[in-house]
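In order of appearance the chains are A, B, C and D, and numbering begins at 1 in each one.
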Amino acid sequence: MKLRTQNPPHIRSRESNLTMMTDIVIATLPLYAMAVYYYGTRALLLGGFGVIVSSLADGACQLLAGKIPNIRDLSGAVTGLLIPLLLPASAGYSMILLAALFGIAVAKQPFGGMGQNIFNPAAAGTAFAMICWPKSAFAYPIPFERLPAMVDDTVRLVSSPAYSLSLGGTPNIDLLDMLLGNVPGPMGGTNILVLLTCLIFLIVRKTVGLAMPAAFLGGASLVALLTPRVDAPALTAVAYELMSGLLVIGAVFLINDPVTSPKRTLPKIFYGFGTGALSVAFRHIGRYEESFLFALLVMNATVWIIDVWGEHLAHAMRRKNREFKTNPPVSEPAEQDVGAAQK
Amino acid sequence: MNLIVSMLAVLVSSAVIENLLFARAIGADHILRQTRSYRFIIEFGLGAAVISGVTVMPLWWLSQTFGRESWWNYARSMAAVLLIAVVSLLLTIAMAAAGRIQRPMRLVDQGAVYSASLAIVLLSLTAKMAFLPSVLYCFGASAGLAAAMILVHAGRERLELCVLPRSFEGLPITMIYIGILSLAIYGLIGHQLPT
Amino acid sequence: MPFVIVPTLSLRAGLLMSAFLAAATIPSAVLASLVGRKIPPLFSLPFYGAVSTGCVLLLRLCVSGQALLLEDLGVYVPLAAFNGMMLELALVHPRRRASDALHDAVMMCFGFLLVAAFLSALREFLGSGSLWGVPLTAPIRIRGLVLPFSGFILIGFLSALFRRVDSIIIGRMLRASRRTAKQGGDAV
Amino acid sequence: MRSYPRKGILLEQNKEPGLSKEIRILPALPVERSELPGPVSSTPDLLAPYEIVSIAKEANIVDEIDGRRLWKKLAQAARESVSGIVVDALDDEPYISSQLAPTLQFPEQLHQGLRLALRAIGASKSSIEIYRNLFDLDTRIPSSIMGVKVDRISGSYPAESYARRRMQRNSTLVVGACALLFLQRAVYEGLRQTSAFVTVTGDCVANPGNYEVPLGVSAGALLEAVGLITNPKRVVAGGSMTGFSLTDPSTVYLSQTTRGLLAFAEEFQDMGYACLGCGRCTEACPQGLSPYFIYKVMQSHRKHHIELADADLCIGCGSCSYVCPAKLDLAQVMAQAAAYTHRRQTSGGQP
């Protein structure tokens, strides 16, 4: 009988790209449930719209590049799911559309598509939308007010705690509401408890590691502790800083994007810490109330430097470590005759 | 103390906020050819810093004296060009005398340094700052330019590892890369003036 | 490159910018073809720089009526003296004959004019909703287009598009030449 | 209890039901006895070392862990006067138990063979190494076999090569358990090595287990004799991680170093995934290399930083390919990178 040969190993782990992407999709679903609970079914419409647009754009770009779109590749859908979560629930469809198009057709596919993009597509698209429509991107609806499918001027829009923080005032919201997400803010970024549950789920599933989110939140809280913006007790100020804006959802989804993050552990910690510190530090300087996405994009550009530096470090450690230096014993040619029967 | 803080503010704003590459695209076409190594980028930044920093001193004095006249608008840039030429000649001669020049810079690279330092000088003059800040501005701006070029160089190295669509290789993908980076920095800082 | 990315916010500005570039490039290129070999390389850069700056300043004197537009262009007017095309034509490989130099310079400036006109029209129409200063109703206002980063990205996509078209045309020509060659082979 | 490698992967060892069954000789493939010339010594405990070595040479015994002749190893060890012998019975590759099963089922013979080998090289210390992370076993592994200490090697997958290298570094002779068994047979019964212990398993095999099969039998014949449920899509000779798959089992013949024969019903189809850059291969690599980095660098035209990645330290354990969620063939890429790096080093920077 004739069989097809195949290189070792002959057993493979069950994890695959599909399972990892499915984990992330599953992790976003509770956020959409909370959004529906707070803002009505418009959240689902936005999510579905984003998914459809980005998946179609992904497939179209791959066809233009002469590749066959892969059904199992859910990365475009994940981008489309994340973009509405980073924007207010009252965001217009055109905003979602342009954000998804920018993310896919500018930040992802020209770089070679899946697995080769330097910048996180969701972050780039949302940043583009924020810069193009700052007014509507930073005005949020009030929870428990059902939004119509088409948002018009009758909807009451308010500013988020992050804005009052950027003005230097203490938001008069108690922390429990912020934990539960009962505050105006980005559609998926406010309900902290659900986000932390998603993070735990992803870590248990080993889809993401613990290093980067921990380092990210650590760096953010360190800078927030050193340079407080509100005259509150230190820990309260830190809690406000962490729970306002997109920091936590970034710690769950955007930081852990495997494509645009370093690979080794020490570089991961460095990258997460730098992103957190940068995004909180530039809340003082920047004009926009939210600086996390931009800080993330800037850090994405430095990932290659960090990675090469990590390789240098590992190289030096291999040099130092005697156990790794010894190569496996090569079998002398005299013994090939025994194995020759197999060949 | 206040002095130091204000000087630092000038440095940071010239290096980051009004970054020559990301905010004004100066040096964008030189990047594509001439970022061969990090060492070259460092040389580039140092040369621009020295030339512009030395050139801005007499120009600042001149613009203080003739700032009112209408013809100064025209004379300024011409004077800047000539002064930069003189300063860079002196610099070249000095380095040659010190024996620090292994291989002379290509003319195009010299042109890049020229235009970069010209832009820095003119910008620091249009900002109408005091004397010391305008000198510091030159240093900060060239440092920011060098840093931006290093970022772009790292991006190009990373892009070499990607299997790009064929029509995007080289200049287009680099431009898109710089564009997204400039978007990020714009959003981080908030306010840039596109002139 | 910087001149097409940042200051091409409106159609007028784009055209004026390309005019400045032409004023800077063409004379120095011709001059380089005439006296280029007599100038020692150490002094060539200041020489051409001074010449092109002079031309640029002359042009600016002529158009000094357009104060607002000049304000828009700002620092890029004097910088136009040191553009890549000028350096390329005057320093890197100057042409032997003045006619060639003139031809090259004019062609380059024309190409720049096309790109600048297209980009500035797009950015003015979609970014600020007007064209040649005349307010129009754009289908969608993307204010991000007036920022420098969109200039970078647009340039990137434009050059990618050109390259794609080029590759298609070249492929056609290659196939055509192969076909003719084959026919020739059949004939022989 | 030593634990190495530091990194690596923890595999689920599907050793049952093969391990707990007793080792059988297939009636379809009988093992013929070939006597050594000369009488069998009545007092094997009084043999001189050179006699033991010569008997091993006569009996043509091959060590199954590295395919070297046993007498060569013994003579070399005697020359270098190593301090002791470690019996290698750790089967850390899934499905394979062709060293563990004989160790557990013929303890006396193993002990006698070990004593002979010890006397042959004039050493005293001895221990038996068995892998620790064997969870799904029906039989329990004793803490000592006939008074010889059993040394449980914990740690994750490529533990065997690490253990071997560690032993060789501190001048201890590593001998396979099966080789010692055959040495005992040669000395006590005067028999040549005409058979080998092979684990035949996989989801196509009717009754998986460890079998003593004569040398030179083709893999197809062995599978037929053991019995197949369905026609296998993949047949693998050797370990499940490092073995090689056969195009035509009927033309491949077993040797002393063939420790396993696996027949699987399903074969991997290409999902068309792209590398996500998740970095799991970097976490898994026992050598501390970064297969992701090497993969990317090998993809590019001018290979920057390739000497930085130390690809020539790869031991080919295949952990990177195992964990890769994109199902990329990283082990192949690592081999190419190692060859490229070697060429580069030999030819002075320019391959």
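Rule of thumb we're sticking to: a contact is a pair of C-beta atoms (placed from the backbone, for glycine too) under 8 Å apart; a residue touches a chain by one contact, two chains touch by 3 or more.
As the structure is a computational prediction, the values presented were derived from the model and not from experiment.
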Pair exhibiting more inter-chain C-beta contacts, B-C or B-D: B-C
Chain separated most widely from subunit B, comparing mean CA positions: D
Length of the line joining the C-alpha centres of subunit B and subunit C, rounded to whole Å: 21
Between subunit B and subunit D, centroid-to-centroid distance (C-alpha), Å: 63
CA centroid of subunit A to CA centroid of subunit C, Å: 40
CA centroid of subunit A to CA centroid of subunit B, Å: 34
Shared interface positions of subunit A, touching two or more other chains: 106, 110, 116, 128, 131
Multi-partner residues of subunit C (each touching 2 or more other chains): 144, 147, 153, 156-157, 160
Sequence positions of subunit B contacting 2 or more other chains: 157, 163, 165, 168, 172-173, 176, 179-181, 183, 186
Category of the chain touch graph - line, ring, star, complete, other: other
Pairwise chain contacts, counting only pairs that touch as defined: A-B, A-C, A-D, B-C, B-D
Residue ranges of subunit C touching subunit B (in the complex, touch as defined): 1-2, 5-7, 9, 41-42, 44-46, 49-50, 53-54, 56-57, 60-61, 71-79, 81-84, 87-88, 91-92, 144, 146-153, 155-157, 159-161, 163-164, 167
Contact set on subunit D toward subunit B in their complex: 296-297, 299-302, 304
Residue ranges of subunit D in contact with subunit A within the complex: 4, 11, 62, 66-69, 94, 161-162, 164-166, 168-169, 216, 220, 231-237, 240-250, 252-258, 262, 264, 267-268, 271-280, 282, 287-290, 292-293, 305, 308-310, 312-313, 315-316, 318, 321-327, 329, 331-332
Subunit A - residues contacting subunit D, complex: 1-13, 15-20, 68, 70, 72-73, 113-116, 258-264, 307-308, 311-312, 314-315, 317-318, 321, 323-329, 331-332, 335, 338-339, 341-342
Residue ranges of subunit B touching subunit A (in the complex, touch as defined): 151, 154-155, 157-159, 162-165, 168, 172-173, 176-177, 179-181, 183-191
